[in-house]
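The two complexes that follow have chain A in common; it is paired with chain B in the first and with chain C in the second.
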Partner chain A sequence: MTANADARAGESATERQDAGRREVFQYAVRRFGVYLFTLWAAITVAFFIFRLVPGDPMNILLGNLTRAEGRQRDAEAQEAIIAHYRQIFGMDEPLPAQYINYLRKAILGGLDLGPSFVEYPAQTKDLVFRRMPWTIGIFTTSVLLAWIVGTGLGALIGWLQRSRLSQLAVVISTLLQITPVYLVALGLIIYVGYTWRLLPAGGPYARHLQPEWTWEFISSLLTHAILPMLSNMIVIGAGFTLGMRALMISVLGEDYLTFARAKGLSPFTVLKDYAFRNALIPQVTALAIIVGATLNGTFIIEVLFQLPGLGTLFVQAMGLRDFNTMQAVVLFSIFAVLTLTLIVDLALPLLDPRIRRTA
Partner chain B sequence: MRNPSIIAGLIMLALILIVALFGPALLESTLFQGQRPGMRGSYRPYQLDSVEHPIGTDGDGRDGLMVFVSSIWPSLQIGVIAGATSTVLGVVIGFLAGYARGRLDTLSRILIDMVLVIPTLPLLLMLAAYIDRWDLYKLSLILGLFGWSFVARVIRPQVQSLRERSYVDLAVLSGENALEIIFLELLPPLLPYIGYVFSLSIVGSMLAEAGLQIIGLGAGGLPTLGFMIAKGFRESVIAIGLVGQMVLPAGALIYVFLALNLINTGLDEVFNPRLKTTVEGA
Partner chain C sequence: MAALLEIRGLSAGLQGRRSVTQVVSNVDLDVQSGEILGVVGESGCGKSTLATAIMRLLTPPQVLQSGTMTMNLKDGSAYELLRLSPRALRELRWRHLSYIPQGSMNSLNPVLRVGRQMTDTLIQHGLSQAEAHERSVAALQLVNLEPRLLESYPHELSGGMRQRVIIAAAVSMRPALIVADELTTALDVVTQRQILQELTNIRDELGATIILITHDMGVVAQIADRVAVMYAGKIAELGAVNGIFEAPLHPYSQGLIGSIPRESGQRIVGLPGEAPSPWNYPTGCRFHPRCPKVFDPCSEYEPGLRTQGSGRWAACHLYDAEVVSDA
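Now for the complex of A and B:
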């Protein structure tokens, strides 16, 4: 009898597991579908926003050219120049045709986004790929480090909520969190970089070096990366600290924690297995929410620290009114934000069995 | 509204508003009688701090303090106009999305999520490339147009949850139409929350504006705090010794953000009383 019941229980457990796996799979497929649709829609919105804005950017471009040359060309030559620019930027056709062309070239043409102006005649695609590692490197490293440090600190502060020290930590993190990332960057550049000369604060590596696999180059690269990453980390880390603290405090008020303590578990076990784990899930979701804002901040940081990333590329392109390159960077940002959000969303069921079942 | 955070935040805002509105005139009638401190070339540029020029003069030969004080008002204006634009748009769209059911609800949710993920900074910069001449209102409106999705995203679920309450059912049964329900039943309880979102939007807009200025692509020539910081950085005024010309505008921005943050904390507690008990009584 009992053996039979056990077998039946075991059977239904595996069945349940299978059903669970199927649900996770369905969730992943559905989430991926939403991802593709949003990606397409966001690119479309971005495409049309610009083309529907009143005003002709070609006139600005022509104005720049005239100023650079220092003389006015006759009307016929101006027309020819504008026509040529329109052709380079694919703006010489009616709007729907432009749109179809843009998508066709971008998807079927292997990300063919036309020539760039910044490094003419280099392809925009190559330019973006060359600059991308800087942006991705600074962005991911600083976000991950900030997340780890902030989550740990926040858990600790939330755990020790009544102590003086943790109250002080809350005030400091609040101040840091509301400070714009570029002000932190400016402060670090001016004081740490130039006034006290502790760390380099401009350029990707020392000017006399060439990229190569030597210790000298790598250490120069790393020391130059400290301040840009630190600017990002301070602000994001403070946000994560405060978020985790609030989560910890609300988890600490739950009944199951009182019960865990009443069972006589050690405070460390309660903290690690009961409080921390439950507070962690919204904290991972928070990671997905800050992606967009942090990417914006990283672009500004690159410009301030003169790093050759996408933000700097964008600013250069903007000076030349290089629409192909500007569009490519916008495309990259949309893709990056959506993809990172997707990764976080797909990772969530691994952390939280409840989502696995209800998704 | 006897919430201490809100009161503290409002007092802080009132103080800086007074400085912004009356500061320039006050300075002109006391410290700079008969001079034109805000005019280019009034003084020798880059003078160090002195009694006549408490934070020195800037690269254009204007008094630094005068430039600082008169930069506050435009910054605040941009924040409020842009914040109001995105809040109004976002609340309208969020209410429509939250009140609608079925297809329309799904569609609006997808639309909001979609606009939400579009990264704003490159878009703003690209718009700047298309627009030839900026002015304060144009810039504020554009910043506002980019902020609504966040507002709509957070308002929608609030409306949805309120719509399911029994007092709303009662209103439906007693024959109120959709507009009456929205304005008389759903809007009033959400007002503190809308205030909270408005204040967040102001912060977002001011942040974006100063950010644009600092990478040198803002509405050039608009005399805002961000512009003063950017100018100071480009002219390395700190190396010259004019620390105040960067620290004051940066401090003023952080001060405004802190005030709004205090108001937000308070409004959040008003809207969500459980927050207060869990934080303090846990």
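Now for the complex of A and C:
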């Protein structure tokens, strides 16, 4: 080990910097490769899985059309309509050809994901972009808030692990964490929304308003967002609290904590620089992992609170077997999760000097 | 002159569900200013608990049961360590009382630079940033380390360098007393010898007093002035290193010293049996089941630590004329 350290000290500063830059570059290239591969794999799996779901979209479409018009067409006309639509949606070819076409258009056609059935003739891409801000708003805000609150709370109850209050907090967090998110959402809707009428519990904003930059609209938007975000935050935040508490307790047993105390540092400094900072590193990784696992919870919340986000769009699309839209939602979700994970991954070396050079 | 540290009747143990298991029993010990006092004993004899108790770093389930520890500083002030408020204790630590912990390898925070970890406490003890930096550089030089290490992270240092950083940090405020717990255990013999030499230099240059906790009789022989031999939570024998190595009184010390390999090619004489665990200390003298010179009173009552003249103390019935004649 000594020899190693000496050898490293022997390198000139510029050589070290160059080597460092090369490593960072290689790391970035590798990460980007994994990123693209994951996107491709996800879209491929989605493409074939959704087509295995029973039910022909054309029949569903035709059924809706018949119901809307109130009269039955003859078989020949039906066949003609189906053939027409099949061609529009690119479903008149065999599956492998459809797949190749889909990928070709998506990549070379500037993210052309085809038309949607849900809101024909709107492009799937436009549909997703229109719905996306709702999901991003609710999801990222609630996950980040849950992470901040959970990390702070977990650090505190870990630090005060022997106090009664802290032990009570552990029991409560455990109960909240194992509660399914839809139960929490339903509880909030029933009690806070309808029984006590404290906050609105349905829709994106008050029904009589139009989206515009007025205080009335924005405040309505925010009050409508509280309950959906709270449902997400309670469950995710409880998980983050428990995770951080466990990390704190294990850090508190480390030798460097005893040494920090022996040095005569104030408890606040010990907590801030020695315990919290070290426990934070795995907690940041946990954020990246949780991000992927909780997006589906947000979809359920959107449906329960009738928010026009990707979750409701997906449910609508599912009802019509709208492959294009379903695929686009999956593609977008994977993209969002991967991007957040990448940001978190790149932030880690800032916190932990040990992974700066070896990354 | 009063001893730098006077320990009286110190007992510490492990808090169980119903009762406390005593690990350190009723220890009396004077540490003289400027000396290196070695505390030796087998694993589990309570020597680390004693060190932790002196530092007031016992954490649950460890508990302090009774005793007093008075620190008499050169300027005439005296501190009763066990009565200090947390704030006064923080002030005293590092300024007068430093600690070199067991497991020094992991005693530095991996995510903070060495410099930050050395200066943060100096700044909290009232030094300016510049003074703290200057002190840290001076302290690193005492242990033959370059000042540029202040910019390093612990994982960039070798084991010996980390150990030296810990020592440098511990002496940076020129404390009166340093408690070093198993300081060289994880190091190879060459580094071990260098570090012990540096520790001796620090004692000579700073006039510090060092309590050196170790299981290694060789380390004690190399640098200690006096030695306290601990057995089963008690001090069995205490005295100058030379005296104890040449003519140990307590049968346990005799066994320990007999088990050191010698050049003359004699067979090593080991101690039979195992050290008792705190959960079932024997009655009477705690060493009697393993003692080659055991006689009747040994299993009946405990010998006290009695002076044997010229600074030697032993806790053994063999050296109590009354007990021997009664038997």
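Throughout what follows, the second predicted complex is superposed on the first by the 300 of 359 C-alpha atoms of A that agree within 3 Å, B and C clash if a C-alpha of one lies under 4 Å from a C-alpha of the other, contacts with A are read in each partner's own complex, and residues count from 1 in each chain.
The criterion applied here is as follows: contacts are C-beta pairs under 8 Å (C-beta built on N, C-alpha and C of every residue); 3 or more make two chains touch, one makes a residue touch a chain.
Because the structure is predicted, anything quoted here is derived from the model rather than measured.
J.: Using the superposition on chain A, tell me whether chain B and chain C clash or fit.
T.: fit
J.: So, A:341: does it touch chain B (first), chain C (second), both, or neither?
T.: Only chain B is touched by A:341; chain C is not.
J.: So, A:259: does it touch chain B (first), chain C (second), both, or neither?
T.: Only chain C is touched by A:259; chain B is not.
J.: A:351 in the overlay: touching chain B, chain C, both, or neither? Say first, second, both or neither.
T.: Second partner only.
J.: Once the shared chain is lined up, is A:269 touching chain B (first), chain C (second), both, or neither of them?
T.: Once the two structures are laid over each other on A, A:269 reaches chain C alone.
J.: With both complexes superposed on chain A, which partner does A:180 reach: first (chain B), second (chain C), both or neither?
T.: After superposing on A, A:180 lies in contact with chain B but is clear of chain C.
J.: In the overlaid three-chain picture, which partner chain does A:278 touch, first (chain B) or second (chain C), both, or neither?
T.: So A:278 only meets chain C here.
J.: Using C-alpha centres in the superposed arrangement, which angle lies between chain B and chain C as seen from chain A, in steps of 10 degrees?
T.: The C-alpha centres give an angle of about 80 degrees at chain A.
J.: By residue count, which of the two partners contacts chain A more extensively, chain B or chain C?
T.: Partner touching more chain A residues in the overlay: B.
J.: After the two structures are laid over each other on chain A, how near do the C-alpha atoms of chain B and chain C get, in Å?
T.: 7
J.: Is there a shared patch on chain A that both chain B and chain C touch, and which residues make it up?
T.: none
J.: Which of the residues in chain A come into contact with chain C in the complex?
T.: These residues of chain A touch chain C: 1-2, 4-5, 8, 162, 254-256, 258-267, 269, 273-274, 277-278, 281, 351-354.
J.: Note which residues of chain C are touching chain A in the complex, please.
T.: Touch residues, chain C against chain A: 55, 57, 59-60, 86, 89-95, 98-99, 101, 103-112, 116, 120-121, 124-125, 153, 155-161, 166, 169.
J.: Chain A touches which residues of chain B in the complex?
T.: 110, 113-123, 125-132, 203, 207, 210-211, 214-217, 229, 233, 236, 238-239, 246, 250, 253-254, 257-258, 261, 278-279, 281-282
J.: Which part of chain A faces chain B closely enough to touch in the complex?
T.: 37-38, 41-42, 45-46, 49-50, 53, 55, 57, 59-60, 161, 174-175, 178-180, 182-183, 186-187, 190, 194-195, 246, 249-250, 252-253, 292, 295-296, 299-300, 303-304, 311, 314-315, 318, 321, 323, 326-327, 329-330, 333-334, 337-338, 341
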